[in-house]
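The first chain written gets the first letter, and so on, giving A, B, C, D, E, F, G and H; residue counts start at 1 in each chain.
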Amino acid sequence: MNRWIKNILVLSVIIALGIIFFYGFNAHLPSKLAVSNHYITEGEKETGAINIVSSIYLGYRAFDTLGETIVLLITVSSVVFLLKKN
Amino acid sequence: MDINILETVIIFLSINSLISLYRVIKGPTPQDRLIGLNLIVAQVTAIMVIASVNFRRPIYLDVALVYAILGYISIIAISKYLKGRKLHE
Amino acid sequence: MEKGERSEIVSIISRKLVPYILLFGLYLISYGHLSPGGGFQGGVVLGAGIILLCLSHGIFLTEKKFPLEKIAFLEAFMITIFILLGIVGLIIAKSFLGNIFPLKKIEEVPTAGFVFLLNLVIGLKVGAGIILIFYSLCERSEK
Amino acid sequence: MNNIPLFLIIIPLFTACLILLINFLKVPSILTKLISLSSIITILILIGFSTLNILIKKQIFIYNLGGWKEPLGISLHMDGLAWFSSLLGIIITLFGLIYSLKEKNYSFKFYFFFFILLSGMQGVILTNDIFNMFVFFEILSIASYILIAYSRENKAIKASFDYLLISSLGMSLFLLGIGFIYQGCGSLSLTGVGKNFNIANGIPPSMFQLAVSLIVVGIGIKAAFIPLYSWLPDAHAYAPTPISAILSGIMIKISFLAIWRIIHILEAINFQHFFLWIGSLTALIPVIWALSQTDIKKLLAYHSISQMGFIIASFGAGSSLSLTGSLYHLFNHAFFKSLLFFSAGAVIYATGIRDLRKLSELYKKIPSIAITSLIGALSISGIPPFNGFVSKILITTSLKEYPLPSFLIFLAGIGTVASFTKLMMIFFNREKAIQENLGNFSPNKIKKIPKALIYPLIFLSIICLLSGIFPSRIAQGISNFILLKDLAYPLKVYSPSNIGKSLTILGLGIFLYLLISTKRGKQISLALRKRELGLNNSLLLVLAGLVVFIIFMKVL
Amino acid sequence: MIIFILILTIIMAIFALQFKNLLNAVIVLAVFSLLLSLIFYLLHAPDVAIAEAAVGAGVATTLFVVVIGKTKRKENE
Amino acid sequence: MEFYLTFLLFLIGVWGMITKENLIKKIMGLNIVDSAIVLFFILIGHRQGSTAPIMEKGIKDVVDPLPQALMLTAIVIGICLTALALALVLKIDKKYHTLNISQIEKLSQNE
Amino acid sequence: MRLIAYFFLGMGVFFATFGNIGMLRFPDVYTRLQASSKCGITSIISIFIGLIILEGLNSVALRITVITIFFLITSPVSSHIIGRSAYEEGILPWRKEKPKDKQ
Amino acid sequence: MDIHQKWRIIRILLTTGYLIIGWLVFTGNFSPFSLSIGFLFSFIIAVFTYDIFIEKEEVARRALLPRISLLLIYPFFLIFKIYLASFKMVPAVLTEKIDPRIVHFRTRLKSDMARVLLANSITLTPGTLTLDLNNDHLIVHWLNAKTIHSHYAGKLIKGYFEIWLKKIWI
């Protein structure tokens, strides 16, 4: 019985969230893409990579990539540390 | 004209993969599900290749190759585990 | 995973396939700036190749070939190189992670020297990381 | 000079990698410790260099990474607030490092994780790009998950897993919020977002509210607001002591400061007022649980949430005095909470017991720890002349216009006094263990405490005392140099009425302590202790909190 | 087209969460990930499609399978 | 329409995280949530152009490359979290011999 | 030429459909595996041949050939390993008539 | 120089050669820079994986260098067979007239690669599916079993494949 109440509670919260997303989100927003347009037009010249995604990933936003590698490094270290035999 | 035909093929293939999905969900044994997974990998690779021809971007074909390789690896991993199950239980 | 358990077909096919998968991973890494792919994706494919080797030849043999210690060292070394590259950029190009190579014309194929280098570093690092995660998750059942 | 923000992030990272790398060569552990100590001192000196420029010349350091200008690439900004929180983080981390140096069973991995944690904190503070902030938050969180599970005890692992799930859900919400912002304004740098993402610029109000609430709830999980705090007590209690001090002392505050920055940039004024209510509830409710705890560190962990409530409520009031009070309390809390955690850690180190009921008469065996804990307890309870008193007075004066929140905060103050009286009883009480015949603790088994554990305690106590004695100077400094506002209020902290108020709270608190130490009170606290939220409920509460936040914003 | 595959993906997600047998859930999750990668592909994001296929089908599935192999097989009621 | 289905996917993942008792199921829910967010970003980027941002000769009308670059990072972080959570699950299984969250909570309270 | 390509594409769809139907209707793991492995690979090969004819011999055709060869190698292996795992697990093959004593 | 040493170098070079073919196929790019990078990568991979790619015992020349002309024709033959198999599959799917059995038989092929290819070819041909391969012992699932006698079944199933493969490898 308790479980049923809990399920209903969860469902109601999720449905409420769904309604909020449904009304809060506007799919037809006019988009302003000054930054991206610059990437598309100049990215090839400025970084030398034809693949613009690569040029953003490793050129313009390479610091993010550094952070991401650090995330991977610490994950690997912690998995090794956690599962190491004593 | 071509584009239409190619897209029709894509649509047919995706409807076909619906059947494989049914097997994945329904399949009484895990092996059945794996068969479904195998077939889905094949069909989706076909869809990707056709779509790449359709988009006129041959560069996209790398994705299909990666997809094929990794589908194979995942199937081998899962069936390896299925085999090892008797040792565990 | 004892020896009798292993399928000969899978083992032989994987034996012939793994070098090609690794090569494909390196292709993805080194052509990351020209076609889809890049450091991370290629690294994952490298890792998946080694995982396939583990699955088909057993983890002991693979670990003998690619020992855990060395791979861990490779990973730490690569991340250090990444940061060092950034610092070299700071000295040469006056900004952290700045481009330290001259940009050539785009017609020549592998132009983006810096992107290429970073892709290589990241790819090796990601591959090493994934193999390490797999090793350490597998480790306990062997005992 | 402009490179300082970069070095604040990179030097810890590089140190971490260096530690990892040199340990492949099987070097002695003393080298690891030496490297870590020297690195942290280096960045302390670096941030010291920047003091003059930032505070007096009111200069903002901007560093464009990779040479790409602001909207294209990522840039680091260091203004007064960032300087303040960065400095606070480094100091607390330094104390934590000194405290952990003497511990034998911390391998090099511990220092590695430790420095990544430090680097993540600096990154979150300094970055001016919202997605980069997400990445640094993830670095920070992963480092903290693994540090919480460092002891590999059952409860620590469980706490770490709970924290991982809840916090990842929060981070997903944050990322979704970033998606909304990007869709709305096509830019990711915080200044660009501030310029373009507001209702005046054509963003629909409902979307603005949704994005802001997603981001606030996502980060709020780390800052432990009222519906989102349930991971914190376990996580902070079962972490190693220096890590508890860092997590409680600085990490939750950094998350809060990130919210502070985002709300200021987005100019979500409605939301700021909402924080008044959230903060006052956050101050009160955890105190009730704290009163019922018997684990030393868990009690302290509940109090971190409660003190965060003071800070948040004062932030919500929004006047320059209350913002000053908020920052001042943040500053003080960082010091006295790490002091308390270090003392608790020393007690656990000496006796090997973390249950309050089993300990007694420790004053005779470890007088130094008893004194430092007493200083910490007096600070947190807001007794003059310690620093907690000053900031609490600032907060209560600034909240005068809002009667209900200030009443809730008053109640929270009483609860704080009561629970810290309960904590202090392990030092000054007699024969409690015999009375309840709970444990086999014998006072003779106490280990000798090494000096490295005591030095940070003494330093921290001195800071607590000093920042309590010169209140107006520090408050003026905070408001003039960091908030760049005039403190439009004649500061007179040590007035008789204020002291009387604090003494009233003290008396009521001791009375409350007497109440809960009766038989009936013990039964109630046992029942409360059993009634902790499970993982599922906490996850549900996150979503429910999100719904409530959004609905509240719609109503306002 | 994309909507159709997306609906299939959602169905797969529901089933992945609903299966009692964890191994079946992992298989379905692999299918989910592959279909998602197809969607990325059709949305002209080949980089992300490669990453998702590599991560979802290759690494995550293998890790899940290893962990499930070491813990119990059936989900406890 | 795709956006709303993406939100539905997100909510399904969250629902799985909240209601499922098994820890591995919770991690799967987390995976689904991550995927939904990635899909959301890609959809945002897709709205403008019509082909991938790889500038071969004669290609002009491309989709927004920035969300794709961001999502590569997000995918890496997602897999990292999954791996770490799975390692913790292994550890939990070793200590408590069950993966059911309510049983684990009962056991850890009795300690 | 184009018509031949379309013919091959149609054949690919045809075989894919039959493979799927076979997988749906057959009674046990092995027979389903038979249907799926054969028809799956045939449909893939047909489609790829069709596309190669459509595109002409250039880098695309080369890449498609690589994928085809890869499929030719791996698809039977994965079928084999699925079948083998079923066989080792002791799933008995379906028989038309009830199994008698001999064999 | 020791014979093992020599053999190792030969294996590394052979592996490199095979891998460079793969590189060319992957990239489709013949510029000198790409080729040199490809050579470098192939060599590195070969150094790491040469004893996986070519086993120490595989000394026979034909096992390493198959007859290229026949090897190139073989896929077309195989594809033809596959088409035949699939057309036979269609009525089976429609009518469900099947009589599946499991049969065992042996093969005379020596080279590993040849045996594996035989098993794969059997999987791809009408109504048969290799379940296991143990040295030279094959277990095959047969959809429309005509006989269960090991010798005849072997003859029927292996068909021309064995002869072809024997010509290509050993």
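Note that in this section a contact is a pair of C-beta atoms (placed from the backbone, for glycine too) under 8 Å apart; a residue touches a chain by one contact, two chains touch by 3 or more.
From a predicted model like this one, the values you see are computed outputs, not experimental measurements.
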Which chain pair is joined by more contacting C-beta pairs, A-F or B-F?
A-F
Taking each chain's centre as the mean of its C-alpha atoms, which one ends up farthest from the centre of chain G?
D
Between chain A and chain E, the Cα-mean centres are separated in Å by 18
Between chain H and chain B, distance of the C-alpha-averaged centres to the nearest whole Å:
23
Just how far, in Å, is the C-alpha centre of chain E from the one of chain B?
12
Euclidean distance of C-alpha centroids - chain G vs chain H, Å:
17
What residues in chain E touch two or more of the other chains?
44, 46-47, 49-51, 54-55, 58-59, 62-63, 66-70
Note the residues in chain F that touch 2 or more other chains, in rising order.
8, 14-15, 18-19, 51-52, 54, 56, 62, 66, 68, 70, 72-73, 75-77, 80-81, 83-84, 86-91
Overlap residues in chain H, where contacts from two or more other chains coincide
26, 119-120, 130, 132
Seen from chain A, its contact residues with chain F in the complex are 7, 10-11, 14, 17-18, 21-22, 25, 27, 31, 33, 35-36, 39-40, 43-44, 50-53, 56-57, 61, 64-65, 67-68, 71-72, 75, 78-79, 82-83
What part of chain A is in contact with chain D in the complex they form?
6, 9-10, 13-14, 16-17, 20-21, 23-26, 29-36, 38-39, 59-64, 67-68, 70-71, 73-75, 77-78, 81-82
Note which residues of chain D are touching chain A in the complex, please.
13, 17, 20, 65-66, 68, 71-74, 109, 112-113, 116, 119, 123, 131-132, 135-136, 138-139, 142-143, 145-146, 149, 152, 180, 183-188, 196, 202-204, 206-207, 209-210, 536, 540, 543-544, 546-547, 550
Taking the complex as given, what residues does chain F use to touch chain B?
51-52, 54, 56
Within the complex, chain B is touched by chain C residues 1, 5, 10, 14, 21, 24, 28, 35-37, 41, 45, 48, 51-52, 55-56
